[in-house]
Structures are given as structure tokens and as C-alpha cells.
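Below you will find the structure I want to go over with you.
In this document, chain identifiers A, B and C correspond to the written order of the chains, with residue numbering beginning at 1 in each.
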Amino acid sequence: MTTDVPQTAAGESRETEGREMHALVERLYPLCRSITGDGLRRTLEIVSGEIPLEISEVPTGTEVLDWTVPREWNIRDAYVKDASGDRVIDFAESNLHVVGYSVPVSATMTLDELRGHLHTLPDQPDLIPYRTSYYAETWGFCLRENTLAAMGPGPYEVKIDSTLADGHLTYGEHVVPGRSTDEVIISCHVCHPSLANDNLAGVAVATRLARRLAESDPHYTYRFVFAPGTIGAITWLARNRERVDRVKHGLVLACAGDSGSLTYKRSRRADAEIDRAVRHVLRSSGREHTVVDFSPYGYDERQYCSPGFNLPVGSLTRTPYAGYPEYHTSGDNPDFVSPEAMADTLETCWEVTRVLEGNRRYLNLSPYGEPQLGRRGLYGSLGGRSDTKQTQMAMLWVLNLSDGEHTLLDIAEQSNLPFATVAEAAQALRGAGLLKE
Amino acid sequence: MTTDVPQTAAGESRETEGREMHALVERLYPLCRSITGDGLRRTLEIVSGEIPLEISEVPTGTEVLDWTVPREWNIRDAYVKDASGDRVIDFAESNLHVVGYSVPVSATMTLDELRGHLHTLPDQPDLIPYRTSYYAETWGFCLRENTLAAMGPGPYEVKIDSTLADGHLTYGEHVVPGRSTDEVIISCHVCHPSLANDNLAGVAVATRLARRLAESDPHYTYRFVFAPGTIGAITWLARNRERVDRVKHGLVLACAGDSGSLTYKRSRRADAEIDRAVRHVLRSSGREHTVVDFSPYGYDERQYCSPGFNLPVGSLTRTPYAGYPEYHTSGDNPDFVSPEAMADTLETCWEVTRVLEGNRRYLNLSPYGEPQLGRRGLYGSLGGRSDTKQTQMAMLWVLNLSDGEHTLLDIAEQSNLPFATVAEAAQALRGAGLLKE
Amino acid sequence: MTTDVPQTAAGESRETEGREMHALVERLYPLCRSITGDGLRRTLEIVSGEIPLEISEVPTGTEVLDWTVPREWNIRDAYVKDASGDRVIDFAESNLHVVGYSVPVSATMTLDELRGHLHTLPDQPDLIPYRTSYYAETWGFCLRENTLAAMGPGPYEVKIDSTLADGHLTYGEHVVPGRSTDEVIISCHVCHPSLANDNLAGVAVATRLARRLAESDPHYTYRFVFAPGTIGAITWLARNRERVDRVKHGLVLACAGDSGSLTYKRSRRADAEIDRAVRHVLRSSGREHTVVDFSPYGYDERQYCSPGFNLPVGSLTRTPYAGYPEYHTSGDNPDFVSPEAMADTLETCWEVTRVLEGNRRYLNLSPYGEPQLGRRGLYGSLGGRSDTKQTQMAMLWVLNLSDGEHTLLDIAEQSNLPFATVAEAAQALRGAGLLKE
């Protein structure tokens, strides 16, 4: 598919976009995010430097659908010190070392006493797992199995300097206004601490997609939602319940930067326009890819596709949820994601928006027999171009199927031609007065 | 699929059930059954010893749909004696030796004269074929090709001591009453003489299925029909024409004991609930199996699925109709069927009834976003069990698809989870007030 | 599929038909056809000798749908002579040597000046290509690459003795009247000069199909249209616009004589009765074959299936459009097509008409249970024939599916039985009073 990438004022290329997205991942990586708290706030602040965000702060205790906004969690330091005062486990080294939402603790205990609060990955002894306990009050440390193996019987000084108190849940939105109030939402979870692919890469791709769209005079209004997983999406839905019918298409963007091929998970509707658009882009691009049916597990498509909302929102990832060994471990660091993979994800998202933006249903105004293209300069008129034959085939397909029933995306799918070629053919035919909308 | 097998008062296990079914096959095997007559009556009498039967006797000449109940056939003895008085062919050795519904004969004839009345299987020279001629008056003997080859030119004394006279067609019914008058019918043909798989095994499985159901407080009323093939099913349909709309699901059970894998033949409707239930049970059990489309040939599904009735009745067999070399020969003897195979068929039937009984359409009462399972003790609450993860997935699926459109069977199929798991999840969610029927 | 081929008065066999069709191809081959002109007229005159044609002459300038009938083109001679007066390129040797619709030219020019008017096939250096320029005024010669390679720098005497002037577009029709005014159209393009498979073979097959149909007392009226490609079909459609709704089924017949297997291209409707009939014939015949979806490129199905008409017209070819190396070259000569291949195409067309003619929707008058076939002499009544079992299965299928919803073609497809067997079974059942139409 040929695409028309707007060049920014700075003239940045796709390669530049890739590098910048990776730089953003690296900048966001050290912050200790959670579903609430200052790490999340600081993350949204940095994203605001890329694309302006409208920030919402929702107080603890607010009822949101079936849920309640929890207390806000913040953490300053945490460690397990051995008898010689060395930090055997140190929050400053990696924020994954502390179980998310751990309550404060300050105690001295033996390894045996401590063991019930330690989490390791015996099969991946060099990696720190990522664990949270949002709704059951507890505390814990995550560490390398190899570290645990080397720990003596203790005693250890155990400290988690955290607070769990009334506060707020924070989320951010960026809107690219379109000519229509119909919306496309792009939703990224921003609640994970130092995990690069899950989901800083998705956040980075979203920022560049927003920038491209801003320069494209779009038909749709594009809303980017950066919110903590589950509770954030639920909060957003609760606060936008009366206006979600504006959402005509949507994508949950996650795991956007690993080296695997793209995976699209269909919306609950299964054949919504977004589902067909993404499938078409993936197929016609020749990219290796996978399309899977909706299932009520994964990222925030779970909420958007709950039966009461049933929004046409699919999920685009590279390697999907829990599908790579580094998933939810310290192995998911900035080296795990690449500028090239993020650029490829971005390009795919962009092409999907090209389909959504360009999809129309036309009516052939000369439907009896084929109209004579030659006398209108449409036949062979593009002689010097390598895609002439394909464009002429596209014109015949558009004429044949523009009966008021088929959209350009239908035609692209039925003809096995790229959407851009079909849209270009339709444009030429419309220019010649052979089609009306 | 986990199933909840009721233990009888006697505490009999599946193994016991298998042994008992095989013992019943052995007991019924020697009787000379036909579509009418005392062999059929005696068979139903023995079955009555397992599960009580209501016996119907329909007089010769009764018009039943497009057919007429034929004269009753009974046979006492039959033989072909050689010059030295030895019985070369002897009904007492195997009732297959006489063509079913043979008229009486008492004559002396040479082999050449006799030959037109002799039936063998040249390709299976050690087996006696099974032949009948219900509606064209004739007589004949079936014998091993090897026996025929050794027969001299005769003369032979030929005797068939049978009667073909006005009488009755007999069939039996057993009803397991349910809370609803909606019925599930299980239909077995009982007209074949000494053939074990076709259909004593089916009869035996039906008796044990009835016993299990009797202890299960079923929703549906289960009606077991033991009738001669074709004319028996037609007679039953003729006499129940006004009430067949009570039949919501049905299975024709045949060839239930051979060593082959299970085959399900869909009802004429193709996607009736019974069709989907059996397919689901076979798939989710991991059993090797085959599902084939309806065809108007085979057993009494031909009658139940005739276009005027078009009942949702499929057919469950192991190796299907005419699919094994021993089919309709003396090779289909009690050694050809096994306790294990009958127990497996029984288990499958039972699981199918579990799906029919448990299939419901629920409505998610908290359809906007996912309800918070954790606060209701539903998330991780089953921690110690190995199927926890599957049960939690099942809860998410049930919540997501319980929109008033999908049944639990739909959800099991879409989620690729066993029905029992889905039903258990629905039960838990209903207990938590998250679902209503 | 067994078929009932009418034997003509002359008693001609299929082999004779094949030979005669090939003789017709050879006779038509030398004529210089185009979309207008005397070669086209002479072609239709010769076809008239096989089956009477009604000839239409449509004046230049007539508006036909979106097109205008062009000027008439005729050519008497053309050549390129070298200095010694030898014809290096000679129209008399092959009419492919001149670009169709070339305007007159008479000049002396060097090879370099001439080169822009010369067309060769560098990859097939021994073949003359076929080129036309109907709607852009120009002239040119087509020649073997090997001829061009041997040509010196010139000068050459260049002559095309053609006229492009007001005249007529000619097409012919042959009608086999049926008992109904509903029509089946068989359409063949007749505008190509010396190309045998494309489409003299199609023309030849059509003549024999017409002859067979004339002796078959058909239900449908069969209309054979022999018209130039595109503009001819458009002209026919324009002049028959008010009556095209009589067209219930149709086939565009082309490339009917090469050695490849048959290809059927579906109508735009995709599942019209003609689509299902051809597919059934191809499948049940056991012929190797291909069925492809409609696309708006190829032969005159493009016009019949334009969205305004959307007629149920498919296209039957052997190797399809542009699918063989000899396509549109001098390699497509009478040796390229065979009597056997044309006979096979003819047989297929004939069998398709058997399905169209015989397809009915019956109602089983005894739909409750199976009717007793034996007492009506329908069961085993055909004992001596090898197809007895298949016919009895067909009777059961017809009875089971004749519920007012299924046609005999539906039943043939669902039962996987040949249509002829199903139709024969229906005939027998109807004779016994078991079916009504």
C-alpha cells in the first residue's frame, strides 16, 4: 500500500520517528508507574511534552461503573538490607523489585520469615518478575531467583517507604479534532512501571500517530486515551458513558515495539469496520501477521468490548499479551523494543487511519455496461506509471461494485487490491463524473 | 469434561455398568427377534427387568402413516437335512440361518432346486449373512459359503416351521419424568435377531442411561423408545403424531459397542441444539470422533427427520451403519462388542444430557465494563484448584457473552472451554448476583 | 452424469461433432475479422450455414449505452517492402500482421522511422502478436521478433490499404425457441482475426449446442449472440435493454478448444442458478476443473454483469483469458485447438442445459415418515441396473428434501449425486404420485 505520509515542519522521516519514539521509551522507562500516583503523573507530564494532554484527576472513592477508584499509592524507597547494611534488594536499582501497591513495612526478619513475601521466576533466574496487588492489602519484593539463592538466613532489615492514602486516579487525553464529531479512540495503558514494550512502546507510537493525524485534516476526531489499565479505562468509560456512541472505531495499542510480527485481535463485533480495515492493511501490506478473534482477556479492549458498551474497538500488538518470555519481567527493557518495530507499528496504524478516512460508498452513474474510459482519458492515461494496470483494474472494480451496497473497503477486499489504489481509482472516476457519493 | 455421575444405591461404578451392559447383550443375543413376534416380546420383557417398560401392541392391518402394520411372524424351527438326516443348516445353531419373515416350507429338493433360496457371503466364507424379506413373501436360508461349498447335490429335506399371521407389532417405552413436559427421546431399534452391536449394545446403553437419568432430577422428560426399525418408528410416530412437538431433542442410538470411535450424524436441521451439544461433547472430550451431515439412510433418524416431522434427532453410533465387515453377519456377536466401548458410549450420552440439562441463556446484570470479581470473592477464590485459571476465563467469557443472545453452549463453543466449566462459572456468577436467567 | 444426447437425422456422433467443429474453425480462421467490417460479415455468413442467424447492422454513430458505434474498418492489403520489392511483412500471409483499425498509410521510410509502428514479442520471437487500436487513430504492423532482427536499415515501402469510414457494426443472433419466453443466452465474441481458440472454438461449440437444443424441445428459449467483443455486447444490450429481464441464465463462451481443463468464472451474483448448475456439472462429472469468482475483466461477462444489468451470466472457458502463452499471438492457430477439447466443452454446455431444463422444486406429498416405496414398485424395482442403489438413494434424498424449499439441484448438491440421477428419481416418484410440483 502506498501511503501519503505528511512531512512535519521539521521534515522528520520515518527513521527519525523511530529514533524519537525509542528515545521517549528510554525517558519514561525509569519512572515507577502504577494505577495511581506520582509516577503516573510524571509520565503524563512527559507525554504532554510530545502532544498536549488534558489531564483528569479522579478522587479516591469515586464510583466508576462496578468499581471504586482506589487509594493513591506512592513510594519513595524500598530495600532489603543484610547484616552488613548492603541492599540485597534495592528499589533504586529497579522499581520492579517492589510488588505494586505494597503497604509500608519496616521490620527485621529472617529469610524464612521474609520468604512468603518474595517472588522470583525459577525458570528465568536472571529476571525480576513484575507483580502487583491492587485490591488485596499486602507487601512484597520481586527479585532474581539467583539473588534469592545467594541470600543467607538473615536477619534482614526490610523497608518499604510507601503510602497508600486517599488521593486521585490520573489519566490523560489528547484530541486531534476532525471535521466530524465521530470519534476514533486510540487507547494505551500507562500503569506499568519499568516495562518498555508493555506499554511505553504503545504510548510512544500513539504520540507519533497523533502528530501525523494533526497534519492530515482528518474527517474523524481522534481521541488518544492514556490511562491505567482496567480501572483507568473503566473510569474513562464511566465519565464518558453518555458520549461513547460517538466512538465509531477504536484501537487498543500495546506491546508495540518488540521484534515479533503484528497481531490484531478483533473487536467483540468481529466484523466491525475497524476489524476489516486492520485486516485489509495487514493483508495487503504483505506483512507477516496474525488476526485472532476477540476474547475477554488481554488489555482494555476487555472494557470497551464489555457487552453493555460493545464498542468497535480492536487491539493491535506485535507479539501479543503474555506471548514472549520477557513479558512482565525486567527483560522487557528498552533494549527489547526497537525503533524499527515501533516505526512499523506506527506505519500500520497510520495506514489503518487512511482506510477509515477514505472509506466511502459510491454510486456508479453509468451502471449499464462499462462506461467508455478511453474517451474520458482514464484508460491508459497513466501510461508511464508502473501501477497503471492495477489502477485500471481498480477502476473496473470500483465501477462494477459501486452499486450503493459496497464501500471502497469492500471493493478492496473483493478485488484483492490495496485500498489506496482503489481509493485513487474512485477519485479519478469521481473526477470524470462517473461516481457520486 | 468433568461429569457428576450419580452413584446408584448399589454403588455401581462405570466399570460395573460396562460389565452389566455386556451381560445384558449376552442374555438378549440368542433370541430370534424380528419386526414382530415373540422374540421381540421376550426381548422387551428382559429389558423390562432393567428399566420398566410400557408395552404397546398394535394390531396387524393398522394403518400407520403411509404404511400398514404387517402380519406377525413367529418361527419355531427350521433346517435343511441331508440324506443321512444331519442338519446341514440348523436354525437352532443360529437364528440368522433363516431369512427373516420366511413363509413356512416343507419340501424335499435337490441342491440345484434349493440354491435360489440360499444366501452366502462368498468374500466372507465363514460368516452367516443376515437377510430379511418383510414385504415380499418368500423364504430362504442364510449360510456360510464354506458350508454351501461342502454340500452335495441332495436331495435335502427342507423345513421352515414358521407362521405369518394376523397378530401385533410390539414396542416398548420407558419414561424418566422430568420437571418439564418437554421431551428428549432416545430411540433404539430392537428388530434384529442375533446381532450384538446392531443393536443390543444400543439397547444396553439406553438402559443404563435411563438409570442414571432417573437419579438426576432432570429438567427434561426422557423417553426411551425400543421399537422395530422403520415400521416400529413409523408406528410410534403415527400414534404420537399429536404430541411430537414435545420432542425438543433426540438421539437414535445404534452400533454402540464396537471398538471404533464415535460417529455423530447430524439431524436434518443440521444445527439443532442436539447437534451442537453432541459436537461440543465430542470435541471437548478430546475423543477421536467423526461428525457427519444428515443423510436419509441409516437408522430411524430417517423417520424422525422425514420432512413432515423434521424433529431435532441425530444419530450416535460408534462405527456407523454398514461400516464394519461384521455388519449384518454372524460376526456381529457378543465378542464383537466390549464393556469398555459401551461404557464410553454411555458416558458420551450422559455428557450430552448434561449439556442439554445445563444449557441456559443468562443476562449479565453488570454489563458496562467488567464487574469487579475480586471484591465478590470470585477472582482467585478457587486458588487451590488446578482448573482455577480456566474457571476464571470461563467467568469472563460468560460475563462478556451473556447479552441475552448467547446460551452457555454458545459460550462454551466460542471460548473453546468445556461446557461444565462454563456452566460452573455461570453458577458462581449467578450466586454473586451478576447474572439473571 | 449420464446424458441423453439427441442424435441428429444424420446420426452424427460426438466424434463427428468434434471433427465438424474443428472444420468450422479452419474455415473461419483465415478471415480478417474486427469489431466491424466485411470479415465480420463473412464470418456470420459462414456461421449462418450451420445455424440460421438473424443479422443486425447498426450504423456508425449510433449511441449505445455510454458508447458510440465506431466507423467501419475494412482492409484489402498491407505490406512492408524492402528495396528489392520483397514483402518483408505481408498481410496476405497473416492478417495479424496489421494492427487492427490501422488507418491507411502509403510511405517510404527507414527502419528507424518505421520502428515506432512495429510490434513484436521479444520473448516469443517466432510468434506474431495481435494488436488493435480501435479508439485511438494510428497504424502499425505486428511481426516476429526474428523478422525484425533480420531487417536492414531500409528504406522500406510501407502500405496499408484500409478504409475507416461510416458504415455499420454487425452482429448475429440465433434463437432456439422454447416453451417459455424465459431465455438462456450464449454469447460469443467474433471480433478477433486469425485466432482459433479466441474465439472460433467458442463459436463452433455454440453452433453445435444450438443444434442439439433445437432437437430437445426445450423449456427455455436459447438465444445465441455472435457479436464483436465489448462494443458488440454493449450494442446488443443497448438494443435489448427493455427485454433483458427475460434472461434467466447465460454463458459467455470463449477459449473453448485448447487442451487445458475447464474454468468457470461465476457471474457477479456468485450463486445464481447458472453458477450452481455449472459447478455441479463440473464437480459431478469428475472433470478436472476450476471455478473462480467474478472479476470485471475478461470477456463480455463484463458487460452482462455490469451493475445496472447484473445478469446471471457466467463465463466458461478452458484455459482462461491470457492464461496460455499462445494467447493473442499467431500461435493460437487451428492446431492449437482440438476436436476432442471442443467436444468436451460442448458436452459440458449440454449437461449444464440439462440441469437448467430439469431443475424443479417439488413437494413431497407423503412427508410424514418415509412412504413405503416397496408397495409402489419403486424399491428394488430397477434391480438389473448397475445404478439401482444410487437411484434408490436419490429417491430417499428427493423425498427428504422436497419440502418446498429445495430444488432438484439443491438436492443433487446436498446428496452429492449426479443431477440426472436425482431428476430421474424425482420423475419416478412423481409418477407414483408421491411428488407434486
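Criterion: a residue touches a chain if its C-beta (ideal position, glycine included) is under 8 Å from a C-beta of that chain, and two chains touch if they have at least 3 such contacts.
Going by UniProt, the chains are A, B, C = Aminopeptidase-like protein.
What you see is a predicted model; the values in this text were computed from it and never measured.
Which of line, ring, star, complete or other matches the graph of chains that touch?
Complete.
Examine where the copies chain A (Aminopeptidase-like protein) and chain B (Aminopeptidase-like protein) touch and state whether the two sides share over half of their residue numbers (same) or under half (different).
Different, since most residue numbers here occur in only one copy.
Using CA atom averages as chain centres, what separation in Å is found between chain A (Aminopeptidase-like protein) and chain B (Aminopeptidase-like protein)?
Here the centre of chain B (Aminopeptidase-like protein) sits 54 Å away from the centre of chain A (Aminopeptidase-like protein).
Would you pick out the residues of chain C (Aminopeptidase-like protein) that each touch at least 2 other chains?
Not one residue of chain C (Aminopeptidase-like protein) touches more than one other chain, so the list is empty.
Residue numbers of chain B (Aminopeptidase-like protein) touching chain A (Aminopeptidase-like protein) in their complex, please.
Those in contact with chain A (Aminopeptidase-like protein) are residues 364, 366-372, 374-375, 393, 396-397, 399-403, 415.
Okay, in this complex, where on chain A (Aminopeptidase-like protein) does chain B (Aminopeptidase-like protein) touch?
65-67, 135-136, 230, 233-234, 237-238, 241, 268, 295-297, 302-303, 305-310
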